[in-house]
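First chain written, first letter: the chains are A, B and C, and each begins at residue 1.
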Amino acid sequence: MKYLGLVWSALFRRKTRTIFTLLSVVAAFLLFGLLNSVRDAFASAGHSVAGASRLITISKVSFMMELPKSIYTRIQAVPGVSEVAYINWFGGIYQDPKNFFANEAVSPNLFDVYPEFKLPAAELKAFQQTRTGAVVGASLAAHFHWKIGDQIPLQATIFPQKSGSNTWTFDLVGIYHVANRSEKQQENALFFHWKYFDEARAFGNGKVGWYVEKIAQPKDADRIAAAIDALSANSDHETKTQSEDAFQTSFASQFANIGLIVGSIMGAVFFTLVLLTGNTMAQAVRERIPELAILKTIGFSNRSVLALVLAESVLLLMIGGAAGLALADLAVSFIRARLGAVPMLPVGLESWLLGLALMALIGLLVGALPARRGMRLRIVDALAGR
Amino acid sequence: MLRQTGYALAIAAIAIVPIIVLVILPAWAVGACLAAFVVWLALTRSGRQAWSATKVGIATIPQRLGSSCVVLIGIAGVVGVLVALLAMAEGLRATLQQTGSNDTAIVLRAGSQTEVNSVLDHEAAVLVAQEPQVMHDAQGYPIASPEILTAASIPRKGNGLDGTAPIRGVGDRVWELYPRLRIIAGRRFRPGLRELIVGKNAAREFTDTALGSTLDLNGQPWTVVGEFDSGDSHDSELWADANVVATTYHRGDSFSSVTVRLKSPKLFDAFKAAIASDPQLKVEVKTTRAYFDAQSEGLTKIIRVLGTTVAVIMAIGAVFGALNTMYAAVATRTREIATLRAIGFRGGPVVVSVLIETLLLAVAGGVVGAGIAWALFDNYTASTLGANFSQLVFQFRITPALVASGLKWAIAIGFLGGLFPALRAARMPVTDGLREL
Amino acid sequence: MSPLVEIRNLSKVYVRGKQKLEVLHHINLDIAQGDFLALMGPSGSGKTTLLNLIGGLDSPTDGTLTVAGQRIDRLGQSELARWRAGHVGFVFQFYNLLPMLSATKNVELPLLLTKLPAAKRRSHAAVALELVGLADRATHKPGELSGGQQQRVAIARAIVSDPTLLVCDEPTGDLDRQSAVEVLTLLQRLNREHGKTIVMVTHDPKAAEYATHTLHLDKGTLVETAEAVAQAVS
C-alpha cells in the first residue's frame, strides 16, 4: 500500500496520455457491460429460482399448436404435480404494434404456480371476481401510466371475438411485482381470464396454448414429465413436457446464438484494447527507464521493479474498467426505464466479477513485456543513457 | 487551464460539422470531395507544401511502427464489427425483400398482421381468386394459391435442440406464382399425398430432411421427395399440398392466407378496392413486397441499432487511441516540423499533412477491417425466429454500400483523432522545436 | 582501525559483442571511515566504473571488494540490491529525482524499503531536508526547483537512511559556480560534522579541493604520484 503513491504518480506522469488511454478502457468496458447484460437476459430467461419447480407442457408438433383443455384434470392427477395452470398466448396489440408486450389468457390459479409474482390479497380477490379483469406487472403499468380501475383495450391479431369485433377490453384490477432484480423482465406482462377468452373467442374453443405444472420435488422432474406425456401418447394431441429451464433455453437458442455474437464482438474489442494499452505502457516504461534505474540504485530489487510496472498497468485497467462498468450499469437502468421491455438485465455481480478478472488479466498481459524490460535493465547502462 | 479547455471545446464543436457532413453525404459525393482535395494537393502551392510535409511524415512511420499499427488495428476493429453486424441486417433484409414483389398480393384475415395469426375460410379463398385483377394461366385457372402456414418441431443440425420448422401447405397454382422456384433435387410433391419438398436452407438447418427421409408431422409420417431453391425466404420452409396439410393438422376447410398474381402491378389498388367493397370479406390486402418489407423492418432495425451503438462506443475508444498515437507522433517529430516551418512551410500545410497521415492510416485500417469482415462473414449462414415464429435462415451479405459506410466511419475517426494533434503541430513555437536540435 | 572499503586487485572487463574492453586493471585501494575521497582522471579513465563497483551497482570481473567487512564482489544482483538499500547513498550528475514526486516524497523513497511506518518516514525525510537547508521547499516538485536545489534534495535522499557510504558521480557537473559551491560545502559539512564517508568522482580540480584525499585514474590504473597529488592540492 505504501507503494500506491509511487504507482499512482507513475501512471499520471503524462496526464493527457493516461487520460486518453483510460477513456479507451472505459469505452471497452462500457461495451462489455452492455453486451453482457443482453447476453445474461437471453441466457437466464426462465432460469428463475421458482422456475426450477415448474414444467411446461406443449404440443409435440410445435409450440404453436393448441392442446385440449380436457386433459387438465388428468395432468393434475399425476403423482408429484401439486398445481397445474393453463395459458393461451393472446398476442393483442395496445394502440400500436410497436408497444409490444406479452398478454396471455390464464387459468385462475396462475399466481399459485408463479409465486414470484407478488399480488396483494385484495387485488387477487378482485381478479378472481371480475370476469373481464386483468392483472399487469408493475413495470408495464409504470410504462403506460396505468392505474387500477383503468380500462385497457387490446386489438386481437389472432383471436377475433364471436361478435366479429377485434377489440377486447379489460378492467385493470391488480398490479403484481417481482422482487428479484434480475427477473424484473417478468413484470412486462398482462394476464386475463381464460374463461372470458374461451367464451368470447370466435373459434378454437376448449383449447389451451400450454400447461404449466408446479411440482413438489424438482429432482422428480424427468419422471413426472414422462408421466404427463404418457397421458397423451398415441392420441391426436401428443404432448412434450420439459422443465421450464429446458424450454426457455431451447426457445432462446432458436432466436440467435447470442453468446457467440457477444463473444465475437468482445473478442474484437479486447484485442484492440490490449494493443492500444500495450502500446501506451511500452511507451511509458521506455520513457521511465532512467527513473527505474534510480529506484534500483536506491536498492529496489528487480522483482519490485517488475511489480511496480505490473501494478501500474493493472491499476490503469482497473480504474478504466470499473468506470466503464459503472457507466454501463447507469446506461442499462436508463434504457430499461425508458423502453420497458428490452432484453437487458441489470449489470449484476457476475458481470462485475468477470469484468474484474478481465481487467486483471489484461492489465498483467499488457504490462508483462514492459515490466520485464524494466526488471532486466542494467543500471549502469541505463544511467549512462544507453 | 480554463482557456485551454474552452479552446479545445471550440475546436471540437467545429470538428463535428465535417463529421456530420461526411455522414450525410452519399458515397459518390465523398468521392468527389476527395478528388477535389487531391487536385488541391497537386496544383496549389500550399497543397504541394502539405504533400511534401506528408511525405516526410510518412517516411518516418517505420520508426513509429508500433503506434501506427495501433491506429490502424483500432479502426480496423471498429469497421470490422460494424460491417459484420450491418451485413447481418442486410442479409435478413435482402432475404425477406426478395420474397416479395409488386405484382403479387397476399390476403390475410383483417387485423392479423402475419400469416401465422391469420385464419381464412374456403369461401374467402374462392372469392379472392375470382377477382378480375387476378392473372389467369394458360388453362384459364386464376393464379392464386390458398396457403396454410403452420410449424413442426424438428431437431436442428448443430446443437440438436428443437427448432421450429415452417410448414407451408400450398395450392396447385403455386408454381406459376413463383416462377423463379426451381427443384434442385428429387421432384415436386404429388397432390393428395403426404409428400414434402424442402427448401435448400431448411435442408441445411434441420435434421431428417434429406431426400427419402420420413418426418413425423402431427403423428403422421411424411416423405421428403425433393429440394427446392427459390432464392428468398421460402428456402427456409417445407412445402406440401395444402389440402393434405389441412387434414394432418385438423384445419378443416380453412387457410392462413391467399397469395395471388395480378395481371399488372398497377392493378393492385383496384384489387384492394374490389376486396374492400365485398362485405363478405373481412380481410387485409398487401402487395407481397409491402408485406415482407414490414416483416424485415422490425428485426433489421434492431440489428442496425445494435450495430451502430456498438460501433459508436468502439469508435470513441479508437478516437482516443488515435489521439494518443498522433500526439506522440507529433511530439517525436517536433524537430522535423520545426525545421520545415523554419524553412518556410506555413502552419496550414503542416496541419493538413498530419491530418493526411492520420487519414491514410485510418483508411488502411478501414480496408483491413472490412476485408476481414468480408473474408469471415460474407455468405455466412445464420438463422433466427422470423415473424411467423418459425426458423428463418439467411446469409450475411456484405455489399459495396456497406463497405463504403465502413470507410466513412474510418475517415471520421481518423479526422477526429488527427485534428487536435495536427493543430498542436502547427501551433508549436518554431524556436522551441529548434531548440530540441 | 581497518579501512571501510578494501579493494584488492580489482579488474573490470566489458564485453561488447566480440570486443573485450578492459576498463580497470588490478586496482588496489583502501578508503578509511570518515574519508572524503575525490577520484579524478580524463574521460575513459574508468573512474565512473570504479565508483559503480564501490557502490555495488556492478560486479567486478576479478579481484575482491570489501565494504564494512562484507565481500560485496561475491553478491548476486538481488543481494546487491538489498546491500545497496542499507549501505549506500547515490548522488548523480543529473540529480535523477522522480519528476512527479514532491521533494519530501523523493527523499522518502529509500525509506519505502524499510519497515518504518508512514509518520516515521515523513519525519526522517524532514530531518534530512532540514540538514540540506531545504525544509521550506518540502512540497515542491523537482520542476519547481533550481539545479542546485534539486541536487541538494538528491543529497538528502542519499543520506536519509543513514548509509555507510555516500557515492557521488560528478555532483557539480551540471551546476553553475555558486550552486556548485553550495553543494560541495554541504558535502564537506556532512563529512566533517557528521562523519560521512564520501567517494566523489569529478573532473573539476576546484571540487577536489573540498575532499580530504584525491586519487587519479588513468587508463584503468591508479596514478598516485607525488606530482599528481601536488597538482591536486595546488
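The criterion applied here is as follows: a contact is a pair of C-beta atoms (placed from the backbone, for glycine too) under 8 Å apart; a residue touches a chain by one contact, two chains touch by 3 or more.
Every value quoted in this text rests on a predicted model; they were computed, and no experiment measured them.
Among the chains, the centre nearest to the mean of all shown protein C-alpha atoms is found for A.
In this assembly, B is the chain whose CA centroid lies farthest from the centroid of chain C.
Separation between the centroids of chain A and chain C, computed from CA atoms only, is 64 Å. Averaging C-alpha coordinates per chain places the centre of chain B 70 Å away from that of chain C. Taking the mean of the C-alpha atoms as each chain's centre, chain A and chain B sit 26 Å apart.
In chain A, no residue reaches two or more other chains under the touch definition. Within chain B, not a single residue touches two or more of the remaining chains. Residue ranges on chain B touching chain A, taken from their complex, read 66-67, 69-70, 73-74, 76-77, 80-81, 84-85, 109-114, 116-117, 119, 150-153, 156, 159, 161-164, 217-219, 249-250, 282, 309-310, 313-314, 316-318, 320-321, 323-325, 327-328, 382-385, 389, 391.
Those residues of chain A that touch chain C in the shared complex are 2-3, 5-6, 9-10, 12-13, 290-291, 293-303, 379-380, 383.
Taken together, the chain C residues at the contact with chain A in this complex read 52, 55, 57-58, 77-78, 81-86, 88, 90, 92, 96, 98-101, 105, 109-110, 112-113, 118, 157. Touching chain B in their complex are the following residues of chain A: 16-17, 20-21, 23-25, 27-28, 30-31, 34-35, 60-65, 91, 93, 97, 155-158, 160, 164, 166, 203, 234, 236, 238, 240, 249-250, 253-257, 264-265, 268-269, 271-273, 275-276, 279-280, 282-283.
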